[in-house]
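Should a chain be cited, it is by its letter among A, B, C, D, E and F, assigned in written order, with residues numbered from 1 in that chain.
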Amino acid sequence: MTDTKRKIMFLNPVGTSVYDQVFADMAARYKLPGSEIHVTSLNPSIGKFTHIEFRAFEAMVTAGIIRATRAASREGFDALAIGCFYDTALHDAREVSHEMVVTAPCLASCRLATNLSNRFGVIVGRQKWVEQMSGTVRDYGFGDACAGFYPVGLGVNDFQADHERTNSLLIQAAERAIEEGHAESIILGCTLEIGFHECLQAQLGVPVIDVSIAALKEAEYAAEMKTMVNWVPSRKWSCEAPREDEITAIGVFDQSDVFGNRIVVGA
Amino acid sequence: MTDTKRKIMFLNPVGTSVYDQVFADMAARYKLPGSEIHVTSLNPSIGKFTHIEFRAFEAMVTAGIIRATRAASREGFDALAIGCFYDTALHDAREVSHEMVVTAPCLASCRLATNLSNRFGVIVGRQKWVEQMSGTVRDYGFGDACAGFYPVGLGVNDFQADHERTNSLLIQAAERAIEEGHAESIILGCTLEIGFHECLQAQLGVPVIDVSIAALKEAEYAAEMKTMVNWVPSRKWSCEAPREDEITAIGVFDQSDVFGNRIVVGA
Amino acid sequence: MTDTKRKIMFLNPVGTSVYDQVFADMAARYKLPGSEIHVTSLNPSIGKFTHIEFRAFEAMVTAGIIRATRAASREGFDALAIGCFYDTALHDAREVSHEMVVTAPCLASCRLATNLSNRFGVIVGRQKWVEQMSGTVRDYGFGDACAGFYPVGLGVNDFQADHERTNSLLIQAAERAIEEGHAESIILGCTLEIGFHECLQAQLGVPVIDVSIAALKEAEYAAEMKTMVNWVPSRKWSCEAPREDEITAIGVFDQSDVFGNRIVVGA
Amino acid sequence: MTDTKRKIMFLNPVGTSVYDQVFADMAARYKLPGSEIHVTSLNPSIGKFTHIEFRAFEAMVTAGIIRATRAASREGFDALAIGCFYDTALHDAREVSHEMVVTAPCLASCRLATNLSNRFGVIVGRQKWVEQMSGTVRDYGFGDACAGFYPVGLGVNDFQADHERTNSLLIQAAERAIEEGHAESIILGCTLEIGFHECLQAQLGVPVIDVSIAALKEAEYAAEMKTMVNWVPSRKWSCEAPREDEITAIGVFDQSDVFGNRIVVGA
Amino acid sequence: MTDTKRKIMFLNPVGTSVYDQVFADMAARYKLPGSEIHVTSLNPSIGKFTHIEFRAFEAMVTAGIIRATRAASREGFDALAIGCFYDTALHDAREVSHEMVVTAPCLASCRLATNLSNRFGVIVGRQKWVEQMSGTVRDYGFGDACAGFYPVGLGVNDFQADHERTNSLLIQAAERAIEEGHAESIILGCTLEIGFHECLQAQLGVPVIDVSIAALKEAEYAAEMKTMVNWVPSRKWSCEAPREDEITAIGVFDQSDVFGNRIVVGA
Amino acid sequence: MTDTKRKIMFLNPVGTSVYDQVFADMAARYKLPGSEIHVTSLNPSIGKFTHIEFRAFEAMVTAGIIRATRAASREGFDALAIGCFYDTALHDAREVSHEMVVTAPCLASCRLATNLSNRFGVIVGRQKWVEQMSGTVRDYGFGDACAGFYPVGLGVNDFQADHERTNSLLIQAAERAIEEGHAESIILGCTLEIGFHECLQAQLGVPVIDVSIAALKEAEYAAEMKTMVNWVPSRKWSCEAPREDEITAIGVFDQSDVFGNRIVVGA
């Protein structure tokens, strides 16, 4: 049994720090001893994004995610979780993460849900999201396990506005997923559906996956594999990273203030 | 028969103007009468990218593509072709294109190749590219029609360095695609494999698709459908665009000098 | 910029000329300058088919399509569009088209719809058609993009009988496709649903694809690629054509009066 | 245990009777007691086809297959086997077969091969055939079970020309299928590869499926299900048959001399 | 025409003989002359299973199926049908069947249904079964042909309890499958839905497949292929059987009283 | 941060204890503090299985796996890992695990490999295994990520016989996977390929997954999710467990001496 210290970043890929504390509280509650979690968001210079519900919004923050990934890797993080259920720029970030492992909520949640059931339903905010997310779920190989996407008609920034109303909408959608879609477990398909899984699970009687916890814990698990077993990212074939001299010549990959905010848990 | 004026942008999503003229020459040769083609590249402030062979490079220029898409739409373009065979940010750009149609080379080429044959082989620069590109081809629905990817061991910036050597390498790879992979047509899977298709086609005796021409012509065809039949992008469900007031509040979507260079053909 | 003359045949694969004028009017309205369009139907000796809604009807007219393809190729056509949404005998006709490109409405429409949206719904006449057409859409690689087939309960010959009623049925079915199937664009899945797309598009607010226009324009686009870029069909492997001496020996491939009617537009 | 009389047609869909006797000999050897087998070919008026290796050839004989199907059904046949490994017009013929069941060699052989092994290789004549046949195998749901297609470089009419040479070529290809493709059984993918399966099976030590026997026996099995259990074709939804009055009005479906030849076995 | 004697076992993989007679009656009615059918169930020492609706129940009886397969093979049976619509242990049993062919109801029924229609619906007992059975249907390659699973809310042991009620529930579910799922044929997806197909077929007007008959007849057909054409299971690659000396050393594969009951029909 | 005690069983599903110590040593080295690991094998009464390379062998031990799962659940284990790369009886065991989570090596390894690379190759013992394992990998959704299976020609019991030879064979196969299959990471596809991953990883320069570690750690991770977040298996729809009174009536599910051996690590 080797040392179990590990350092993980939970990156909320938006230009506001307003949700950082809620993720930090979650991290404090669910992390392992020996884990140091840094909850970060991007510097508002990336744009005053409070959500990235649109593909075009994602496209505007990917540069920030790449810079954050490089910065985290330089700081010696073992793993990084990208805090958006679109799993924005997951494969791009992995390319420049050096020995740091990069994870994301959709992938992490589908894996957990299929450990606990054969079919999961995903409760999302808006119908807008469904086509892209269902493509991602299919690309990850979970197409047959997915019992459908169930929108509640809320935007990312609405989930935390009125907890009672949110809870009620999530319950209704989850019941439809279970009764009509024959879902056997529920994924709360937005990192800002945080804080509802316990109550829902108690009411619904099936596993309810909070995707922020899922992303953090998958990152922590990956960090553990890295530090214990030395399983670090491949750099072969499609995993090849660009050369540092080329990156330097291009000149926009690094930025001193890439993070807008940082809350450290468990240092 | 209605008016056939149309305005098309061919956007080379890199931070150098060094390849713009070669695309402009191609456009001049292959465009329809009535088409005005603007060949553009991104402002070097996006980074001194001469290629975007890496996922992380793509991720750094997507903001530029989004800004260019918005700028082109505001300027009244009917269609925009993204000039990279990764089809970088195609769906993201489409979201903010208003009534302008956005196309890209991989999609355009696969469609042309399957009009002329049942199976195509793709000649690429490096093995690095294959995993991502084959995923794209599969996502587009051409998985069964693809006879494989055949790398020649060149980077994007190498293709135009020594035409004779490039030609020879392309021929060899294409012959393998045909004889071993039973390809019936060839796609030259990089916009900088431009200039070789005629010679290869003559030697190989099968259709050889130049992907820059394919992207431009698909854009022109889409522009024609827009101007003649009024077929413009859907804005329903997953195609919904962000609201302009939100974009303004976020504040990074627009930039006066998004293009680094522009060559106008056929004005 | 090279010469832009091109010669296209729109073949209505039935044994009646009754619908030829409606297609000719469409062609006159939507063709490019420089395009000469011949709208043809088969000689009634093929059988007095006014539609080919049944697989067995298609099977009876394929010989006529093969003969028409050969005749069109000999006459120097650059492209031929087969005017039935089953895309009847598309691959068979391609085999004997020599340097002429063959296209068809289902393929052409799915491509256009996925340029303008991520998901399309198809409005068809009868449930009878759905299984075969959805197989075709899946074979073309558009399975994931298809939001379903929505029958209106009309046969091919009913669409043009009472325009008001047809319009009303199409609107209702399209609304179901959009609201229940989350379609983002609509394909009018029968060449005889011609004449309704403008009105529907205005009412529905999403792109509505007329499949006859789609087939004609894809053929024209292919003809342009042929004449400008010299992209003609492959004759390698599965695209190999039978030898002419064998065809002569077999003796039934050619017939002087294969076409029952011909309207020339834009000569 | 009910009566076991049954009447089956084996239709060789070409315009020559030259191969009818070889199929009749096979039928005589392998049929059940109580089965009456009629081996037929099409009237040479369909065209002097000795094979239908080309898609365009298939397209020319489909009308003959439809007419033969209707004629067989009227004569009271219980089942019909279409004697070409392309399974030419299988679904079209099924539509007009009334209570007669229609089968074909590719489907029948894939089923038998996957009863006896998990992976089969298909030995075909020419590379030309592979793309179409592999599409059919995939459409039937056997894509994952198929260990590949192995051409021997012979046309349909070559297989029976020099039995020793054919046997040697088939053995070599089958060995490659087994050793390189890890095939566990072999399908001889042309009805004219008849007569070789016993010798090959003895030499190779794995099941070798003769596709003519497979087609005949699947037809006989279907006939048995029809006569014993009253399982006849569905006429619902996509299986709906055209109305007889419409067929009469069209006027080309019936022909007195649709068959060019007939050998009756076991009457 | 060779000898047509054949010996088939129909194995009901439960630890009760209570249903053996109903299968024996079916066998007596539907077998061919020359077929000797042994209907067996497992010795109650396997556990007092009257059904295997649960995966864990299946897992407890697989050892019994393996022993029964070996025993049947030693007794010289030509084919064995496993009498459960889960097709429990089909591939496992095939591995140790020597020259005996092993079949099962789900595979046999899907094949029959797709001979008679393009889409089938499956009427099952409980929603519990659906996820596993639909996975099996997909694995067999019938995913696109399956119009859905329709549970009636009965357990295996309920179907034969009140025939009138069962009949009424099956009719209702089948009507939903046809009208809502556009099924064109019906599979009664449990061997204990035996005895209802004739009545349902008459009422519904589409083919209704009894899966016990299907399994028995597919086994009989396989036995016929074995005895007439010498098509016996492959033992190559994944079909390799364990060596007998290893089996003897392990010591649990054989048991004198593996069968709990046996009814012989047609000896 | 809650309590981090957790109790995990690593079950080697064979009837010999000969490999238990090697797994216990692995567990001791790689477990988290707070984890108590019990390495068990089945009582030899299940049969003297030293491996379960054959499907029929798996089928003989599944009853033992079910009993072991129930016993482990009753003993209060949080998670159980089934120690065979076939993931034998994974879904069956999950059905009766109550609140215990069940994992297995193939699933766990594919997940780890796709966190570290886009494509993995699997080094297996014998070609015999490939068809079944590749089916499992495909069913799990990793079909596109799998760069192939590479057998070394060893049986399960051979891997630990001559470490030098095994190492050399694994290296050779892995190099082929990387160079020919373009694998970017390697999975050692048998639990008895244990002990080689460090050396291989050092030599190959890509991640090399030991599947025993993967299975154990995935179980530990699942146990952590259970104890920290209360994520326990669903019992809805296909996850429904049989009732205990029915299990008692059947009478074979429980056995006092189901485990043949037990080594406890970290108590």
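We adopt the following convention: a residue touches a chain if its C-beta (ideal position, glycine included) is under 8 Å from a C-beta of that chain, and two chains touch if they have at least 3 such contacts.
This structure is a prediction, so every number in the text was calculated from the model and none was measured.
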Indicate the lowest number of steps between chain A and chain E, counting one step per move to a touching chain.
1
Repeat of E-F among A-C, A-E or A-B, where over half of the residue-numbered contact pairs coincide, is which pair?
A-B
Measuring centre to centre with C-alpha atoms, which chain is farthest from chain B?
E
Whole-Å gap separating chain D and chain E, where each centre is the average of the chain's CA atoms
27
Per the C-alpha centroid definition, the whole-Å distance linking chain B and chain E comes out as 54
Distance from the mean Cα position of chain F to that of chain D, given in whole angstrom
46
Multi-partner residues in chain A (2 or more other chains touched) are 91, 118-119, 127, 130-131, 135, 144, 182, 237-238
Full enumeration of touching chain pairs:
A-B, A-C, A-E, A-F, B-C, B-D, B-F, C-D, C-E, D-E, D-F, E-F
Within their complex, chain A touches chain C through residues 127, 130-131, 135, 138
Along chain F, where are the residues that touch chain E in the complex?
15, 46-49, 53-60, 62-63, 65-66, 89, 91-93, 95-96, 127-132, 135, 139, 237-238, 240-242, 249-253
Which part of chain A faces chain F closely enough to touch in the complex?
1-2, 4, 28-33, 91, 101, 103, 111-112, 115-119, 140-145, 178, 182-185, 197-198, 201, 205-207, 209-210, 213, 217, 221-222, 224-225, 228-239, 266
Chain E partner, complex, touching residues on chain A are 118-119, 144, 182
